[in-house]
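Data first, discussion second: the structure below is written as structure tokens.
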Amino acid sequence: MSKGKLALYWAASCGGCEIAVLGIDTHILDVAAAFDIVFWPCATDGKVRDVEKMPDGSIDLCLFNGGIRTSEQEYMAQLMRRKSKVLVAFGSCAHEGCIPGLANLYNRKVIFDTVYKEGSSTFPENPKDFRPQPSTDVPEGKLSLPIFYDTLKTLDQTVEVDYYLPGCPPEAKNIWAALVAVLEGKLPPKGSVIGVNTTVCDECPRKRNEKKIKKFHRTWEIIPDEETCLLEQGLICCGVATRAGCGALCPQVNSPCIGCHGPNEGVDDYGARLMSALASVIDSQDPAEIQRIIEEGIPDPVGTFYRFSLAASQLRRGSKRAVNGAGTVKHVAQEA
Amino acid sequence: MENDKFEPRIVGFLCNWCSYRAADLAGSARIKYPPNVRVIRVMCSGRVDPGFVLKALARGADGVMVAGCHPGECHYIEQNYKAMRRFYMLKHTLVAMGLEPERIELVWASAAEGQQLAEAVDRLTNNVRRLGPLRWADNWADDPQREEALRHIVHEHEEALEVS
Amino acid sequence: MKRISIDPITRLEGHGKIDIFLNEQGDVANAYLQIPELRGFEQFCVGRPVEDMPNLTARICGVCPEAHHMAATKALDAVFHVDPPPTAKKLRELFYSIFFATDHTTHFYALGGPDFVVGPTAPKAQRNILGVIAKVGMDVAGKVLKMRRDGHELIKMMGGRPVHPNWGLPGGVSRGINQEQRKTIEQLGRDAIEFAKFSLKLFDDLVLKNTEYVKLITGDVYVHRTYNMGMVDANNCTNFYDGKIRVTSPSGKEHAKYDPADYRQYVAERVEPWTYLKFPYLKQVGWKGFVDGEDSGVYKATPLSRCNAADGMATPLANAEYKRMYETLGGKPIHHTLATHWARLIEILYAAERWVELATDPEITGKDYRGLPTQTPTEGVGCVEAPRGTLTHHYWTDSRGIVTKVNLIVGTTNNNAPISMSVKRAAEKLIRGGKVSEGLLNMVEMAFRAYDPCFGCATHSLPGQMPLEVNIRGPQGQLLERLTQYVG
């Protein structure tokens, strides 16, 4: 029986998904027996030119991790889509932008203005205001660099995606289960997230009672007890709005869930879900008190509600009209 | 012929028992108020998911109103308090994302308060008109150099020396 | 000129390409290692609660998230002016030693090692972990897989998850270990010591006894005489978790020894227009270009550098291996870049010995794994040795503990200048008269692989610091003006 062709590629990511794949341990040999790995820059020596020469659709499965931050990464997303029968958005970055998506609170121009005004004593002078050029002349010829987009995109905002595997990174057992599903031809309908349909709370061993929160605590303010639900103790545990599949690992070392497995089935804005959940446990009916609880306990709502999912949220990014520096937002007047 | 003047597009989520009836009342009492609000009737302000507001803003609304019964008068007892908590949580987030706080409002209006609802719509519409169009989707428009940059990559790859 | 492009570079963490320009004779006119990736951590972490930093910065790199997590956690101690209790510090160093041994194992067997195990010019399809397994056999492969499995299981046991742990807090860690876990950790630590010894023997048999490889290591292609940097304890022995930063000169003399919080007095950064990655150099020596020598501020921060910057290893077996390496290669310091692979294996042994030392410490199962901060947060520096070099996190916050500014100098960034020099030198010496093959290009790539680069780590910063050079040329092509611009 002939082997299938497998590719793994990384865009704006950290390499954790590659390590997670290696976490399937001895199953890596099963993978090697079933597939020829035709492109995997982290671990093998195939080059982009090799992929460009492959016939379209000749790669059976491509696991694509990382968000789309630059023109080069968009090019690679288009290339891998063209060459692959099945394209999987692998891990949180490809699925919903992940933590690098928080750069969507800023943009190139704002940073440039800040750097230009502040200046720095280590760098040579920089008096002129040029737009970025993708090409630099050196004595021997031209060197090219890709352009940086103002907004980080998810994989499905760039090309058509067949499946999603959530998690930052996905847990090794879920990766192996997904590979088995591919090999056995037992995948869910196209466009699905390969994961369970419940939240982390279902996997968490802590005891749950009714939640009545008068104050949200920062993690360094209290030492939680080891048995009771962390949200109940006033810590912001994102497990209430996060897809299960990890085994609720973080609460088991006394750390609140930070939401890396993304939203549950059927939810199209993770932050909206989490906002709703936290709003419903606030124990107050007084408008002033409610606002105080929110503002004191959640000083960084975007980072809390959209830590992994900003790029995939309904609004996708911060407003480019608002100047964001040092965590505060100033509104610039609308031009006529 | 396109009208030069900007007319805000505002989405309003009005609860069936109080605020929607207030809007009805304003209509039958011929109270004048701006026609800019597109009304969506929900059974209760507590039905309003923050996601509804986000979707409206993402898809072209310049402002959003959520309207319900006065605290203590909710047809479903307490759900407008949930709406209130959710709304504050959402507004806190939207401001941090750079949305002007005047674009979204939470309004309480009982079934008899057609005048008050009309005034609220008037106030929100004027605020949004003053702030101008939101056009949130413009925030993620493609970089103007994108196509050129993508073409350049192909060219750069083809130009390099082949080595086997 | 003709341009060869190695795109992408492979068997490392991160993205890059090498452009090699050949002149008319077919010799290398120049070679440029360009890093085209950036994500912007130093900017988008502004506005975040500082306690999120261990989790946010872990996503700088999924191969060494524990390094960022630990540097960030130590920075939190400094920001909140809190000193963790003894058990907390020991737990952190134990966790860190386990991580170090595991990460170095991954690099040797999956990333850099295949070039030696299967051969630098072996067919492309074999130059990877699967080729290594095919060459060394399932028995050995089983050992390697066990080491990685054990390491990640323990990282998960202590830190919550096998990749991207969620554990560090100002004043300690979120959970300690019980006696049963301690026993498992100790046992697997003893296994790790055996594995490290085995790996050093494998290196001996496969590399040091192969005259071709020894020529490659000690020859002219992969060598640079630069300063070396590493973290050392009070006895000037390498310590990965805590200590002072020591820098030694190309001739082996101590140039500086400083508290990590004072890093800005010793290290500055430089910008070149053809890559997004900056070039740190020693401020007091000064930038003289991409050159070797006592007068050049270029420095390396690699496992070999740590060995060069220290006087020895703090544990007995590793110290013996340390001495053997220097005896074999002609004394201190060693400037042969490929010897970094050897130094890396010695560090696995040290990490494993330290692992067992800490796992058998009576305080390790203590309940004082966390103290609560009491002071208002302000500013702080956290520094550890990442497997790829000295890692420094520096945060400033407001009185609520919301981040207002971030500065990071990351492991691989330290090595940007020497890596660029190494790539250029290898290209110049290997490619002559237009004769170039795929295998030769891989040997050029070996020049950077020894550093175990992590360009995802290195390119954390946002385009705001990106330089662009625009050349304005006259009608005859003469250069009229060169303008350097910082683009964002």
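Per-chain residue numbering starts at 1, and chain names A, B and C are given in the order in which the chains are listed.
One rule holds for everything that comes next: a contact is a pair of C-beta atoms (placed from the backbone, for glycine too) under 8 Å apart; a residue touches a chain by one contact, two chains touch by 3 or more.
The structure presented is a predicted model; accordingly, all values stated were derived computationally and were not measured.
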Which chain would you call central, comparing Cα centres to the global Cα centre? A
Measuring between mean CA coordinates, which chain is farthest from chain C? B
Taking each chain's mean CA coordinate, chain A and chain B are separated, in whole Å, by 26
What whole-Å value do you get for the distance between chain B and chain C if each is reduced to the mean of its CA atoms? 48
Go ahead and note the Å separation of the Cα centroids belonging to chain A and chain C. 25
Got the chain C residues that touch at least 2 other chains? 3, 7
Of all residues in chain A, the ones touching two or more other chains: 48-49, 72, 105, 132, 146, 300, 302, 324
Touching two or more other chains, which residues of chain B qualify? 156-157, 160
Would you mind writing out the residues of chain C in touch with chain A in their complex? 1, 3, 6-15, 19, 21, 29-30, 32, 34, 36-41, 43-49, 51-52, 55-56, 59-63, 65, 76, 80, 106, 110-111, 124-125, 127-130, 133, 145, 148-149, 152, 156, 158-164, 166-167, 169-171, 174-175, 268-271, 273-276, 370, 372-373, 398, 400-405, 442, 454, 456, 462-471, 473, 483-488
Chain C partner contacts - residues on chain B that touch it in the complex: 156-157, 159-161, 163-164
Which bits of chain C are touching chain B when the two form their complex? 2-5, 7, 22, 436-438, 441
Across the complex, what residues on chain A touch chain B? 48-49, 52, 71-72, 74-75, 78, 105, 132, 134-135, 144, 146-147, 149-151, 153, 268-269, 271-273, 275-276, 278-280, 282, 284-285, 287, 290-291, 294-295, 298, 300-302, 305, 313-322, 324, 329, 331, 334
Interfacial residue positions of chain B with respect to chain A in the complex: 49-51, 54-55, 57-58, 71, 78, 81-82, 84-86, 88-90, 92-93, 95-100, 131-132, 136, 138-140, 142-143, 145-146, 148-150, 152-154, 156-157, 160, 162
